Amino acid sequence: MSEAVASAGVIHHEETFLRKYLFSTDHKTIGKQYLITGIAMAILGGTLAILFRINLAHPGFLTNEQYNTFVTYHGAIMFFWVAMPILLGGFGNILIPLMIGARDMAFPTLNMFSYWVFFVSSVILIISFFVPGGAFSGGWTVYPPLSADPGRYLGANLGTVLFLLALALEFASMLMGGVNFITTVLTMRAKGLTLMRLPIFVWMEIVASLLFLFSVAPLIAGAIMLLLDIILGTHFFRVEAGKVGDPVLWQHLFWFFGHPEVYVILFPALGILFEVITTYSRRPVFSYKLVVYATIAAGILSFLVWAHHQFVAGINPLSAIAFSITTILISIPFSMTLVVMGLTFAGGSIRFTPAMLFAIFAFLMFIIGGLSGLPLGAVGSDIYFHDTYFVVAHFHYTVFTIAVLSTIAGIYHWFPKMFGRKINETFGKIHAWLTFIFYNGFAFPGFFLGLAGHPRRYYSALEFGYLQKYQWVHELMTVSAVLLLTTQVVFLFVFFYSIFAGAEEKSPNPWKSTTLEWLAPSPPPHLNWGSFAPVVERGPYEYAKNGKDIDYLPQGKLVKLKQPVSGHEH
Amino acid sequence: MLPQDISQHGYLVDRVIKLSIWGIVVVGIVSFFIMFYILYKFRRTKNPFPLSDVPSGLKKVIFIDYVMIIFDLILLFMSTWAWFFFFVRPVEKIKKEVQEKGEKFVEVRVIGRQFFWTVEYPGRDGVFGTQDDFKLGNLLVVPEGYNVFVKLTSGDVLHSFFIPNARIKYDVIPGRETHLWFKPAKVGKYEIACAELCGAMHYRMKGYLVVLKEQDYKMWLDSAPFSEISFDYLDDDKIKFVKGGEVR
Amino acid sequence: MRWFLFGLIISGIAIGVPIAYSKFSKPKYILSSLPYSYQEIERKYREEVISQINEKLEGKGVSSEVKDILEKLKNNLGREENNKLVERLNSLLQDDEIKSISSKLVIRWEPDERKVKIGKEIFENLCMTCHGRAGDSFNITPEGLKTDIGYPIYARDFTGKYHREGKVVFKFASDYFGEFASDEDLKKIIKEGLAGTPMPGFTYLSDEEINSLLEYIKSLNPRWKFASPQPKNYPVPPTDLLSEERIERGRRQFMTVCIACHRNIESGEEPLEQPLAWYKFDKKGNIITQDGSPSFQMIKARWFGKEPLRRGKPEYIFATIRDGIAGTTMTPWRHLGDETIWDLVSYILYIEKKGAASK
Amino acid sequence: MSEQLRVLDELEKEEYESVPVPFQKLGFWVFLGGEIIILGGIVASAILFRLSYPGWFKSSEHTNVVIASINTMVLLTGSLTAVLAHKFATIRQWGKVQLFLGLTALCGFTFIGIKFIEYSREIHHGFLPSSGIFWMFYYGITGLHGLHVLAGSLIILGVMLFLRKKKLVEAVENAGLYWHFVDIVWLYIFPLFYLT
């Protein structure tokens, strides 16, 4: 029997505030905790971004150490403290048990523990910003020797140690979460919910968790070695006279994690998009099987492409060609996935709700992001594009889409389910359009800077004669970025306002969606299903069934149990 | 957009860049148009009830996948060609070829340090380790039309030796020796950038590539390192240090 | 209960690693163990000069005013006050040699803030990695910098922290006692570099850039304020340089004098190692002393023909022999007279050429 | 309360898809997979360095084979007791289970103690992590493994306390599994650092 149910018995007797909101083992509460923490970190990361963008438009606004620090922390925060907690921790925790008809995660206590580890890690990260000697400023990729002897090359020793420590704790928490997800989905599915009936979101979460589980390990090993380098003065990555040591080894370890990591956050985002798009275009996924298989294929391929981040970094040129081939190969499953996604719109009757608008924009941006990956994957043009702004623009078109557009689409979509209230639709639409415009305004010019050969992480473009004439581009990007952040801040106000004072959402299924979570009352009580249990009868996307009156069939139905279960209601 | 190409073989890279950029622009525009068409045609107000199946015409959209595959193959071919030309062949082999062809070449060593390039010249005799070697900071002077072989090493951290005008870039790794070669085909004064984060002054790590006419190069070499170079065809305004926008 | 345990574990990790770091990590900087601060150096200099004056004043009756002026001058004063006091002193005691000494106390130069700021940027851009963040070549490992024949050397320390008397000794630009170097000579070194060392020549720097760089470098050591350096004069080499008889005379001269340290090069002997006249310090900045007494960094006398001369031009070699190399045991050989020195120069150039040919 | 638990227990049987493997076991194996890759990563890079570094054999002579063999014996005894504990758990003789788990944990702590003595000897002889490529791998890997042993012992102690409340065979089995994993890792480390 599972901890979940056991804890139900325990919880039934305690009602303290601490237990209910802070140290709750309820997957929904934990998911919301992840969501809020992630949003808070997102504000921090965004502010940093704005600060150094202003500096790029008007060099001298920051000192160059500050600039490097901010760039480093922006990258790290947006990857590890925003995208992962919100997409895996937040949506994963809230939706997976609901979607598979479970009452809670397999290991609720582990779940809670993982959140608090994550919380501590973010606290340590923020502390590391203020320690004497300054914060770490060697880029979020933490390349040695800069990071292996930071006292000499950056003048920041303790900051680096704390940064690595925070990273390690974050990974530990996400590992626990991953184990939890996989176990839950494999063992606690509702009756009749076979693997091929799982909603695509759940599939994506599982593949992501597996990727993370198997890719992060070498990086943890590398991080331990790096810490030893800094603390005990070993020579794993440092090169000194007569001492063996190889900085490139770190690059291999890091990118062996780093590339799957991108897909770890990409897949859940795709999952969210599929859920949203099917719901609002009232069409089933064009080819469910193709998506699932393409995802798995991409996941496996993603372990074979890591060195395309190091084409010109001293790896064997022939192996560079091999990695170039795999990199180009991996574009094929994604192009299939995107085509399927596009065809999911086709033939539907499309409701342009805020969630849908965000989903559409995210889809279009994914097209740009994916295509702009080709010149970087092709080894010949990467000679020129490596570490230029072209890379920056490329991964902003992918990662920003993942971490912001898809996430906000998901928030608009599941907000009634999470909090039992609504967000104002008109505001949502305006928000979507503004986000779209400003986002392109700040991301797209990057491609031109890249073509002009503007290297990344430059404090100021004015030092180089061949870059000075592009200063106005930086100014344009900065203005757009500032407006973009302002829009999001306004959205956050509306978001928190609606949580407490939004209009009540009466019906459990406002969007007429099919998957199981819409059968539960919103917000779902503790143990989700009360004295009922969901039983699944058909696949997840049964839309466009019998035209006129009702055009969708829910995935399953609730059946009354013999003995009533009493979890306490929130 | 691309800076002027001054090297003999830069066109190889340019070709790949142009191909890939135009390819993705075309594919992107096509798919965008299809998307807008779908979104417009099947909007709620016009099409209140979903069709039971995707119209067969639209199913043909899958051809985009095949287009992508073909495009990928072409791209791979071209890019591998360029890569092969620049990096796969070992430098010794290239050198031998050059000597057989009777072309002239010069060798230099470049040491990346925070935050400048030290360029070591073999001097007049063209051999390292003799009395007339000399070192210059941030100044790489090469004759026009010669093959230039560059040995890259690092004094402290990772750097990346990037000449935008020659379409050349390679990382500079402590404890290793990496190689580059290119053939400048146009006299003038160009810039060398560092493309790998190397510390606080990364954005200041700027070197100069000066391509001289052959006789001018010889003339300069005779008096180097004790002579500054100033030839009329170099727009030889002195380097200003710029920060915060204003020129000091 | 459970989450108390969890909290314990997490906070254990969170606190443990920094503690482990602070415990085990090798200290990269031990600034407390560096000998002199800026003020200390200046005070030392003033005391030294004033003690010289007092020696001169011995026996003569001295008014109390003179005494307390000297007392005042012992502590670091601002420019105007200091110079006023010195004038007053000179007016009090009409004695030329004392005046010549006390003129060492006149503050002739003060760093211009704006130039220093620009100079600092240039320094951090181009010089920091070898000459250290603070300009004291500190924490730059001996393995880090090597000459061409591969023995470790230190980059120049611009602060004088490690020097016994807080001097900044430029081997080729200062005079033999390591007093002061003129901007012209320093400019030459910056523009041309030192062959055989990691110091490259920054030919492309414009004059105002080099000036502000020097401004910054000079602002690192207080003794520059009192400096009145004269640029060295480099005579034009004679036309018959490298002629047979010059080389022959040079060889004879070399065998009688220079052989003491440089050894008989043509028979392939190895030069002597000689102590440098400033402290040796280890990677952490600790001064290594054996039984309390300062130990010295050893360097080889130049191995002609083995590695390039630091500054290869004939007139430079001439100046080096004439003025000696500051801080080393290469003393000035002015008394030999220019002709003889030119002989030696031609002999050295000859050897260098032979060495080049032998390679 | 136990009443309610029983109710929910049956309820779950009827509620979920039936899967052959109990989820405690599954989750643990997934976790173990991650662990294997972590230690595998470090050991692999150690082997890579060793192939490219001739001085390895010379330095590895300074390690103390006797102590290491004793440690191996200790770990293997721990595995034996863990197996016995699982056996008695299957036939529900919880008293003996407690006993043997205690012995396993004891082995773990003995291992740590011996390791401490070994380290102090090495450091006394002046071999620090920074004094060579061999030594940095030696301290890094054996230290990491030592931490794992410590964790394993603590887990087993935790299971012992846990068994007071609930008699769960999977718990004993998982604890045993983790111990075997640590043991196997040691069997790779031992020849790498001591026998070459």
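Lettered A, B, C and D in written order, each chain numbered from 1.
Note that a residue touches a chain if its C-beta (ideal position, glycine included) is under 8 Å from a C-beta of that chain, and two chains touch if they have at least 3 such contacts.
Keep in mind that what you see is a predicted model, and the values were worked out from it rather than measured.
Quick check on the contact network: minimum steps from chain B to chain D?
Counted as steps through touching chains, the separation is 2.
Where the centre means the average of the CA atoms, what chain is farthest from chain D?
C
Between chain B and chain C, tell me the centre distance in angstrom, where each centre is the average of that chain's C-alpha atoms.
Between these chains, centre-to-centre, one finds 41 Å.
Quick check: how many Å separate the C-alpha centres of chain A and chain C?
56
Where the CA atoms of chain A average out and where those of chain D average out, how many Å apart are those spots?
Whole-Å distance between the two chain centres: 33.
Could you tell me the distance, in whole angstrom, between the mean C-alpha positions of chain C and chain D?
It comes to 59 Å between the two C-alpha centres.
At least two other chains touched by the same residue of chain D: list those residues.
Where chain D meets two or more other chains at a single residue, that happens at 130.
Could you pull out the residues of chain A that touch at least 2 other chains?
As it turns out, chain A has residues touching two or more other chains at 232-233.
Name the residues of chain C that each touch 2 or more other chains.
Touching at least two other chains: 26, 144.
Going by the touch definition at the top, which pairs of chains touch each other?
Touch list across chains, by label: A-B, A-C, A-D, B-C.
Using the touch definition up top, name the residues of chain D that touch chain A in the complex.
Residues in contact with chain A: 1, 4-5, 7-12, 14-17, 19, 21-23, 26-27, 30-31, 33-35, 37-42, 45, 49, 52-53, 128-130, 133, 136, 139-140, 144.
Under the definition above, what is the set of chain A residues touching chain D in their complex?
Per the stated touch rule, the residues are 1-2, 5-6, 8-10, 12-13, 102-103, 106-107, 175, 178-180, 182-184, 186-194, 213-214, 216-218, 220-222, 224-225, 228, 232-236, 243-244, 249, 253, 533, 561-563, 565.
Would you mind writing out the residues of chain C in touch with chain B in their complex?
Residues 118, 121-122, 124-126, 128-130, 144, 148, 191-193, 195, 198-206, 209, 308-309, 312-313, 352-353, 355-356, 359.
Write out the stretch or stretches of chain B touching chain C in their complex.
Where chain B meets chain C, its residues are 111, 113-116, 118-119, 125, 127, 129-139, 155-156, 200-201, 204-205, 208, 225-229, 238-241, 243, 248.
Residues of chain C touching chain A in their complex?
2-3, 6-7, 10-11, 13-14, 17-18, 20-22, 24-26, 28-29, 133, 139, 141, 143-144
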